[in-house]
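Some structures are shown below for you to check.
Two complexes are shown next, each including chain A; its partner changes from chain B in the first to chain C in the second.
Let's look at the complex of A and B:
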């Protein structure tokens, strides 16, 4: 379906509604819980699955080519900087994987305005912010100016 | 106005307006803040910037990194590579410009916290291929979005931008953009001195191979709704290479990418009988495209061509022999992470069909066509190049400025600069961001949006809600009305006609002048019918405007495909009436300008300059 929401776990908080890039996780007006209103516009990107505080959202593969009986479950531990997957095959086989997602604390990126302001002349040079240092070569490569 | 009588008009003023919060837009926000400390920089995004754009899902590799610090590649090498892959037709100045800056972008990404894999022997970034490096990229987008959010004065999430605004006095100058909130239905008017369009390319203008739920699993994101082009074409910007659509060879149905499997893990593909079909078809390709067949690595389109011919000959399924290469736990982890980071749906296909890639090969197939400017293809806007190295007729002002003054682009928006991918799109956003700041600083008098145009657009934008409200009361229930079409109806008609007439998969990507002309007749009726779209709610109103952008883009694609009388990229599409490559007449860019007032399209040729 893509995604579907477990009736007993969802508390209707709306995190999935807020994060879905396709605007297809909506709150059902009767049950006050989320559901996928447009499975044929679901990319199985798992953004909502990862964002759900209740772990209430799961994926059942697309009905036009995915046989039933599988599960691909995920636990994204943002503060630990890791993500773990548990894959259960239709025939019962299980695989587990875990990968890092970030090497620095969330929120730690230095904003561009927190660097010393460049001088006005820099605006007409071809260098971008933090260059040439960030290139890790001595100078920005240039071509001979094209024939005018 | 009955349905949303409480609708408000929210006016937002900005110095630099960035439309689209994907990689291009995030780069634009970051760089414009670096140079424009006191400017108001506004980002507007139709979803949530933390997970929006083509990288919402994550990625497992950065596909554009030179490695100049280790002498791995130089920017000129990348230009030669992209030029060869695109059969000679690229903007070499734009590609060179991205390539010389992209390493600094990637180094910042690593500093910000993106885990980049290292080669344990050399300590360098782990190369997937000559240009690609491997990353643990599940959180690639949230990390980059954090940098952009800190840079912008404000990020407006859940606002769908539908139209650009032009200056009242000078119609070749941008003055802002309008759209609506997908959440509360308010009308948003952004008045800006400079606008950077960093919206998405086009999925879903061609019929997808899946037919049900699986149509969501197109290779390019279903939310890449051609706004990169729909916004610009409507405003009259000059577009190039719109016929240069891309078809991808991918794992069947899940559309998992093949790069890491071919390049890093050294898997190989065969037909059903275990034969290496690509080598066997070399002479045939040489007859179609001449010396371009000798380019190393073999151009992406030609590799597709070989696969398509095998499928036509009934020698499919085509198999990727993953089972031959996953001989260690480390390699198995890399293979799985490749998909779990960026295409979880492929892992779902494996689990559901009992395919263990360590034991069983997987089917490959060629996808439906897409229109993009950032991958192995380069549709998009004609843009001014870098001052220090662009040929004179490739520059008329500020870097990455389109043919409309003050209107910049990045990522899928900009034509001619293929092979940017995520890091290159962010870098192009940085280039556009810096240039836009300079433009704003130089600006003598601010543009003024036309109040009458703003008012007229308000009526236009919300009309589908009214159409539905009226028409729905004339029928008992259901989706069939003689007076309105739902957005999905219009989308399905578009996909079917583009597939059948303009080279989709059902004709094995073949089209011709008579086919395109018939397609254009049907497209013009579809465009008329867009005035009768019905939207039950704000979600459908978003779909309605995505469809508008897709349809206008599709017409541009059809007209460019008609104009170029050759088959330049066999494997992307074929002109049956001009079946070979014709360098004497067509070693040029195709260009078009659309006049929204008269409905006229003007097509022409622009020169391809080789500066490297």
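Let's look at the complex of A and C:
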């Protein structure tokens, strides 16, 4: 089910435009609120639904095969590191789920650009840049030949 | 510039009555434009329907005291401090614009209705008029060039204008022309003299009229809708009719 924006709740912050992997969340030229420019191309990843700080994005099926009336609502709580879903089915049933999404404080993960550039010798190593220390482990398991 | 009343100097070729009638006409234009907007976009019907749905789905009835407390919290958070914005630059820019506009508007009304023909206008009023306009200009330019969502996130040029820019564009042009016109009025050594001052005044008048008359096509009316939407959201959270999931029980941070 593709996403859509409730324009009375959207404050035009642009988080959904920034996060949409399909680049279909855009800004409406009349109201400067976000909208899904092409629901057919929506991957249904719901990144925008989860990222929206105003809870302004919901999802809906195509009306030709899915009669309306359902709802998928999301509450992301940064300070708790959790995301909760409330699914209302067309027959009136409601289900709620809550999941952990991270265990470290929001914004505490270093961006790749914050690390020092690795040196050229790293090209001959099977490890990726800043492994294993960036993974917070002493060493990664390796095949005997590579470990030599 | 900060010590003179621009509307007193204007009385040399425009009667105070004409200025006062213009201000009243602009107030009528905003009220009429908002009412037309309510009817045309069916916003009142939308909010009434949402209120009805909320009452039908309410898990508990709210008392008058609770509703009054929610209204006060809405005024303190969303109206007075733009609490709905999740990012501080937009919040600060919006506060600069909203308080600047209110100060500028109030000072204009008092200067036009009370001090247009007075020999002396209180310094605080003329200073407030200039400070209000400068606040709008600073907050507005910050928003216009750096924070507008299509500029910041879609990579548009700041000069890529669309209908959504009608309000901010007219507001910025109006206060900028007002300040430049006032500067031209008071600058003794201003080259060009009266003609240039008149042209600047005509531009100020044009953009100010555009700002207030374009309400049905611009987002001017958001200052009335936004508090209503924020209050409704608080009501829904309080009476249990919000369709959002319940907050998670515990924190996963550090687990």
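The rule is simple: the second predicted complex is superposed on the first by the 100 of 148 C-alpha atoms of A that agree within 3 Å, B and C clash if a C-alpha of one lies under 4 Å from a C-alpha of the other, contacts with A are read in each partner's own complex, and residues count from 1 in each chain.
One rule holds in what follows: a residue touches a chain if its C-beta (ideal position, glycine included) is under 8 Å from a C-beta of that chain, and two chains touch if they have at least 3 such contacts.
These numbers come from a predicted model, not from an experiment.
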First (chain B), second (chain C), both or neither touched by A:130: first
Touched partner set for A:6, first chain B, second chain C, both or neither: neither
Residue contacts with chain A in the superposition, chain B compared against chain C: B
Chain B versus chain C as contact partner of A:75, first or second or both or neither: second
First, second, both or neither for A:117, with chain B first and chain C second: first
Which of chain B and chain C A:26 touches, first, second, both or neither: both
First (chain B), second (chain C), both or neither touched by A:47: first
Which superposed partner A:140 touches (first chain B, second chain C, both, neither): first
Partner chain(s) touched by A:100 [first = chain B, second = chain C, both, neither]: both
Chain B versus chain C as contact partner of A:37, first or second or both or neither: first
Those residues of chain A which chain B touches in one complex and chain C touches in the other: 18, 26, 71, 74, 83, 85, 88, 100-105
Chain B - residues contacting chain A, complex: 30-31, 33-35, 37, 46-48, 50-53, 56-57, 68-69, 74-76, 93, 96, 100-101, 103-104, 107-108, 112-115, 136, 138-139, 143, 146-147, 150-151, 158, 182, 210-218, 221-223, 253, 333, 336-337, 340-341, 344-345, 347-354, 356, 386-392, 427, 430-431, 434, 437-438, 441, 539, 542, 609, 611-612
Residues of chain A defined as touching chain B within the complex: 1-2, 18-24, 26, 37-47, 51, 59, 61-72, 74, 76, 83, 85, 87-91, 93, 95, 97, 99-109, 111-113, 115, 117-118, 122-124, 126, 128-132, 134-137, 140-148
Touching residues (chain side chain C, partner chain A) in the complex: 46, 84-87, 90, 148-150, 152-154, 162-165, 219, 225, 229, 233, 243-255
Complex contact set, residues of chain A against chain C: 8-9, 11-14, 17-18, 26-32, 34, 53-55, 71, 73-75, 77, 79-86, 88, 96, 98, 100-105
